[in-house]
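Please find the structures below.
You will see two complexes here that share subunit A, one where it goes with subunit B and one where it goes with subunit C.
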Partner chain A sequence: MATPMESPITFTNIGKAKWWQSGFFASQTGYVLIALVALFVVMNFASPYFFTEGNMQNVAKNFSFIAIATLGVTLVIITAGIDLSVGSMMCFSAMITSMVMTYISTPGTPGAEWFVHLAADGKTVVANVPGLILLVSVLAGLGVALMVGLVNGFCIAVLGLSPFVTTLGMLSIVRGLGYVVSNGRGSFPGGPDADYFYALTSGVVLGMPVSFIYLVVLAVAMAVVLHHTSFGRHVFALGGNEKAAALTGISVVRVKVEVYVICALAAGLQGIIISGWLGSAPANMATSYELNVIAAAVIGGANLAGGVGGPLGAIVGCVLLEVIRNGLVLAQVNSYWQQTLVGVIIIAAVLVDRIRSRMA
Partner chain B sequence: MTAMLEMRGVSKSFAGVQALRDVNFMVEAGQIHALVGENGAGKSTLMKVLSGVYPHGDYEGTIVFDGEEQRFRDINDSEALGIIIIHQELALIPLMSIAENIFLSHPPARFGVIDRDAVYRRTRELLAQVGLREPPDALITDLGIGKQQLVEIAKALSKRVRLLILDEPTASLNETDSAALLDRLMAFRQQGIASILISHKLNEVARVADRITILRDGRTVDSIDCRTEQVEEDRIIRSMVDRDLAHRFPPRDARIGDPVLVVEDWSVHHPLHPERQVIKNVGFHVRRGEVVGIAGLMGAGRTEFATSLFGRAWGYNISGRVWLDGSEVDLSSVPAAIDAGLAYVTEDRKQLGLILADDVRKNITLASLSQVAPRWVIDDIRELRAASDYRNRMRIRCSDVYQETGQLSGGNQQKVVLSKWLMTDPKVLILDEPTRGIDVGAKYEMYCIINELAEAGRGVVVISSEMPELLGICDRICVMNDGAFVGEFAASEATQEKIMRAIMRNKPVQGSAERNRMQMGGVRP
Partner chain C sequence: MATPHAAGQPVLELKGIGKEFGAIRALHGVDMRILPGEVVGLMGDNGAGKSTLVKIIAGNFLPSHGEIRFDGKAVHFARPIDARAVGIEVVYQDLALADNLTAAANVFLGRELKRKLGPFAFLDHKAMAARALELFGELRSETRPHDLVKQMSGGQRQAVAIARTRLSNAKLVMMDEPTAAISVRQVEQVLSLIHRLKEQGVAVMLISHRMPDVFAVCDRVVVMRRGEKCADKAIDDTSPEEVTSLITGAKEAA
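Right after this comes the complex of A and B.
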């Protein structure tokens, strides 16, 4: 159906931009990554301990403690939304997981006969497949996250409430529920599967903390989903221009609900992992973590206006925050400076992007 | 008369793109100076240089205003001299009233407190000057684009304007309003206010301009003094596109088949005023291979009809029956409408049609990802091939399909939107103002594309405010007014006069119908 019309119009002014003016290197993620590499080099000279295996493991573990949740929040931010409830969500999921684990591992409680019984010598014995207790309790923790995500998504996508207000409310609701169910006390993973639980959350495999491995797997999955599936396209389209997306036949409500559910699940999983490392799930766990998570996402290039972001950026943001924290400790700088510096970096990262787009 | 403004040797480039090359441009006091050129020719860029959007140092060349060289740091500097620009993208705050918008930066105040009465009085005066009958406290968001444009002009008038720059002011106005606006400009000329008019509508330009300057590829290629020279449309078009346009419309050889879209008893109410019936139980049909035009003034309900049909994307309490290809279809959601074989190309491609930050490829495939994503995962090669295919077929001018759509010119953006919908393989396409804000060459291409769509057996509906366009490309023209079809003509017997007469014959006295309705408590006679 081509229009075989001779084109007399030549566009001499359409030129291709230089390679460093487009694509990855022109993105905020790109130059924050460059800044990060530079920081590594500086740290290498500043402190002999920085590049030791122990410290690197420490860094890897610490940043992966917020990075999984950051992946989820990045996804929400791409759709021009925000999720402030992730900190509370981490705590609540962790709490439910360890409470369920303790409950079903206690012989004699109603329902626990499915999982454990008391042996003749008074020891608790697993009644069923090993690991079932762990699986059920983790699923319970993720289950509540799923529900919170659904409520968030319903309020935002169906009722049309603002994401900020909805999740601000949810931050308080979920934190409050955590205090209610635990009576303000922390809960501890217990029972025969507790060792599995610790191994799977704070263990080390091939010299790497397991939380780091989870992170890498999830980040790769997210990259594939975002850039190579219809769902990913819909997420970006929604953030880029919601009205146009709706008029293109994208089910805006469904995509939004899905995004908030995924974010809540990521936060829940993150909380469960953190509780494994802490050995408990205190009621004030992960308080105000949402701010670190959002900061990391924004530093890594996720645009709060929507349409921009990705898993690499989320990780780069988290690593940068952790390396600065770690570096300041190694450099024996007063640790109170840390927060100030983090704030400066948030603004600097966004500012550089602003200047760059002005120059273009 | 003396030169009020002189721009000498202005050049400006963006990363890798030379937008202006050594442009010289002069406006005399009390002159209407038209600036024409294809989209991407550099008109808007030149005006942004003039108004200080691009500050001094960002471009090369000099600006002389009132005999003095000016170095604007920002738009405030140029406004202080009375140079006021009204952009294509209006700068109004939607949730504020007309009065608040007009006096946003300089409200008349007594002892620091805004003088509400004075604001409203002045607003009414200004609105009367631009011919807008709306209460000063009406919210911008409740006005259509055309009325918003008039508010922008009223806002410019409220500042002491000496040089008014209008970037396609009439693109979204109907003919009556356009004429009124142009009369305004001529009245300003008497008062010594000069205007720079950027427009694609050559008949308007020819009517009001004292001088016409033509830009092409960032250069001034021609300048016509209308007082001494004959203004020939052909000469302008030739200069703009560097080509003879023997015919403005491609020849059409229609082969019309059975009805493909039939709408019966379609009724739509306003989503904000549920008692107001916007579309009044209308019937409509399109045949295979037919191009049907919907003519009408702004606010006649054409866009509302189309968008309510397209998966109830607009409207409330919608009822009626629709058949596509002989079987009744459910159009209760946009995906359902797309599945049924309907496509709607919006009049507002930037806000409603495109993801501007995304590249050409992603925009083209967005509505039909399932075609390139077997089992969830997108097949990059297949997607690239599909996008490139449309790029070639529609002759979309972009560096490659990975270029951001936001960087393309209006005509090329429109082709991207059209490609997106063609990829869904629709039986019927509704094109809402398909040539709005695109240049002459791209318009011709759009007409060719419309022809080919019809030849391929699709039904095409074209909503347009440009009557010559409808007369040039349609087989049949339906006239809509006040939510109902009030006339229908075969293209061979339709004329602009007939269409206009059909509209005017049925046009209620301005505002009275609305008032009656309100008084009767929402019950319609």
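Right after this comes the complex of A and C.
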């Protein structure tokens, strides 16, 4: 005597949430974005230089310098983890890239004959295959990032160490290794492919800094992966309820290792781009950048408790930090105020979210 | 009410199941049979061995002794996924839901429906929402697939957790204290969900402390005490008073 199953389900008691009470508009990212737009308007009136093309390019370039790493850290934060080693990772990848580039571009060193030869004049160094040196050295830089990410992921997911402690240790280890391999000296991207390197890291295409283009491409890819693949779904599930994720058969270890690897790769790529802009990879490069990166992620709505965050938030957080920095300079405010203000904004952004969820 | 396989073979059969944790004997010589479409209440005081038994059936632990037969075949579950693969679903006491995801996402967690697009596989949101809505309809729960679980009532959350067990054609659903932390009206909903499962020929094992719930939905009640099964009676042949005295040990066995 099965009861009929055909009768459609009704929602007499369960109302539908209003559009402004759900999704993007109710998220921290949403109202930080509104605050950012307001800030743009204020800046427009405060300084005639703010909306000039040169300044906009400058802002776009500056925020893309931490934004790619912020995407990676946001991914880790969504799983309720943290990665403090991104600053060191940026430096180490940049350093390895420029050291490898210099090494294989120097005729006479073992292995270099595969990549370069001397021109007829006996002085000019010519690449055997244009671009190959660049490819190999960038892959070397990303390769070390991959390994650091794997070690982070292994310690956290397999050995069960706390993400904070593991990556705090890794911050120090990677920075130390950077000093060891460089002997404390900076390294410079050199050789016949150096021009390509600079073009690909600090060039301008269609009026936009290339780093900004990379950022947009990676952010779109991240949005698609997070919301339209099972990997993304599992990342959110892991941050929401790790035990539930494990019980429903999600391979928690694998997802965790993957997010730390992606985060390290993003940081490595970011470091390589920064070194192209600086023209060198000094051993103290990107020191304490992890704090800026985490601050940007948190302002943009990534919740350190896990389960919330996204690429748009990461970018909004980075832009907000940069516009404030830029705005304070244009408004001729003492630049020492900048750090204080950034701190206030971190707390304010989280506070607003707290108040909103209390009211709801 | 006749169930489709009424007189058939039991869906789950336990023979002499025992479990030791070091020097502690948590379970000893438990025999049990559950028929398809049967609702069995598993009762006992804290530490009586209910949870251990459930965890053994669900594949969290291997038994130290005895044999589990599922659908007539001997089975060994090394992990919970193995138990799920043969058709055993568990609704955990804490429901194992990710609060930050929608109802549909939770139902399909770990078993997402995908659409191939070249070398990539993307989530098929539409199909998952439609199937989830269908399941909520079957369970008579007013739950929207796109709502976030954190905004839901206890009864709705329970429905999401139960809907998950209906994805694969589970043959046995075990529910651990599904009515412990919800309101009276929601208890009614959950009990009717159990009826729904029974109608569809699913065997249900209900682990509960709440005597009225067990007597409202179960066909049979199994009482555990100190790691052993001390009673296994049709619900019509017993009374809440008798079950209480069996649980406390005032009455040795029945």
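Note that the second predicted complex is superposed on the first by the 343 of 360 C-alpha atoms of A that agree within 3 Å, B and C clash if a C-alpha of one lies under 4 Å from a C-alpha of the other, contacts with A are read in each partner's own complex, and residues count from 1 in each chain.
Criterion: a residue touches a chain if its C-beta (ideal position, glycine included) is under 8 Å from a C-beta of that chain, and two chains touch if they have at least 3 such contacts.
Everything numeric in this text was worked out from a predicted model, so none of it was measured.
Trainee: Counting only touches as set out at the top, which of subunit B and subunit C does A:Gly240 meet: first, second, both, neither?
Mentor: Once the two structures are laid over each other on A, A:Gly240 reaches both partners.
Trainee: Could you look at A:Thr229 and tell me whether it touches subunit B, subunit C, both or neither (first, second, both, neither)?
Mentor: Touch partners of A:Thr229: subunit B and subunit C.
Trainee: Contact-wise, after the overlay, does A:Gly207 reach subunit B, subunit C, both or neither (first, second, both, neither)?
Mentor: Once the two structures are laid over each other on A, A:Gly207 reaches no partner at all.
Trainee: A:Gly108 in the overlay: touching subunit B, subunit C, both, or neither? Say first, second, both or neither.
Mentor: neither
Trainee: Would you sort A:Gly307 into first (subunit B), second (subunit C), both or neither based on which partner it touches?
Mentor: both
Trainee: Give one of first, second, both or neither to describe whether A:Gly249 is in contact with subunit B, with subunit C, with both, or with none.
Mentor: Both subunit B and subunit C are touched by A:Gly249.
Trainee: Determine where on subunit A the residues touched by subunit B overlap those touched by subunit C, and list them.
Mentor: Touching subunit B and subunit C on subunit A: residues 1-3, 5, 7-9, 11-14, 16-17, 224, 228-230, 233-234, 236-237, 240-241, 243-245, 247-250, 307-308.
Trainee: Help me check something: in the complex, which residues belonging to subunit A touch subunit B?
Mentor: For subunit A paired with subunit B, touching residues are 1-3, 5, 7-9, 11-18, 21, 224, 228-231, 233-234, 236-237, 240-241, 243-251, 307-308, 359-360.
Trainee: Show which residues of subunit A lie in contact with subunit C when the two form their complex.
Mentor: Residue positions touching the partner: 1-3, 5, 7-14, 16-17, 22, 224, 227-230, 233-234, 236-237, 239-241, 243-245, 247-250, 307-308.
Trainee: Quick one: which bits of subunit C touch subunit A in the complex? Just the residue numbers, please.
Mentor: Residues of subunit C touching subunit A: 1, 80-81, 84, 90, 92, 94-101, 105, 109-112, 114, 120-123, 125, 133, 136-138, 140-144, 147-148, 151, 156, 164, 196, 199-200.
Trainee: Please name which positions on subunit B make contact with subunit A in the complex.
Mentor: The contact residues of subunit B facing subunit A are 14-19, 38, 40, 217-218, 241-243, 310-311, 313, 334-335, 337-338, 344, 346, 351-358, 362, 365-367, 369-370, 373, 376-378, 380, 392-395, 397-400, 420, 441, 444-445, 448-449, 452-453, 456.
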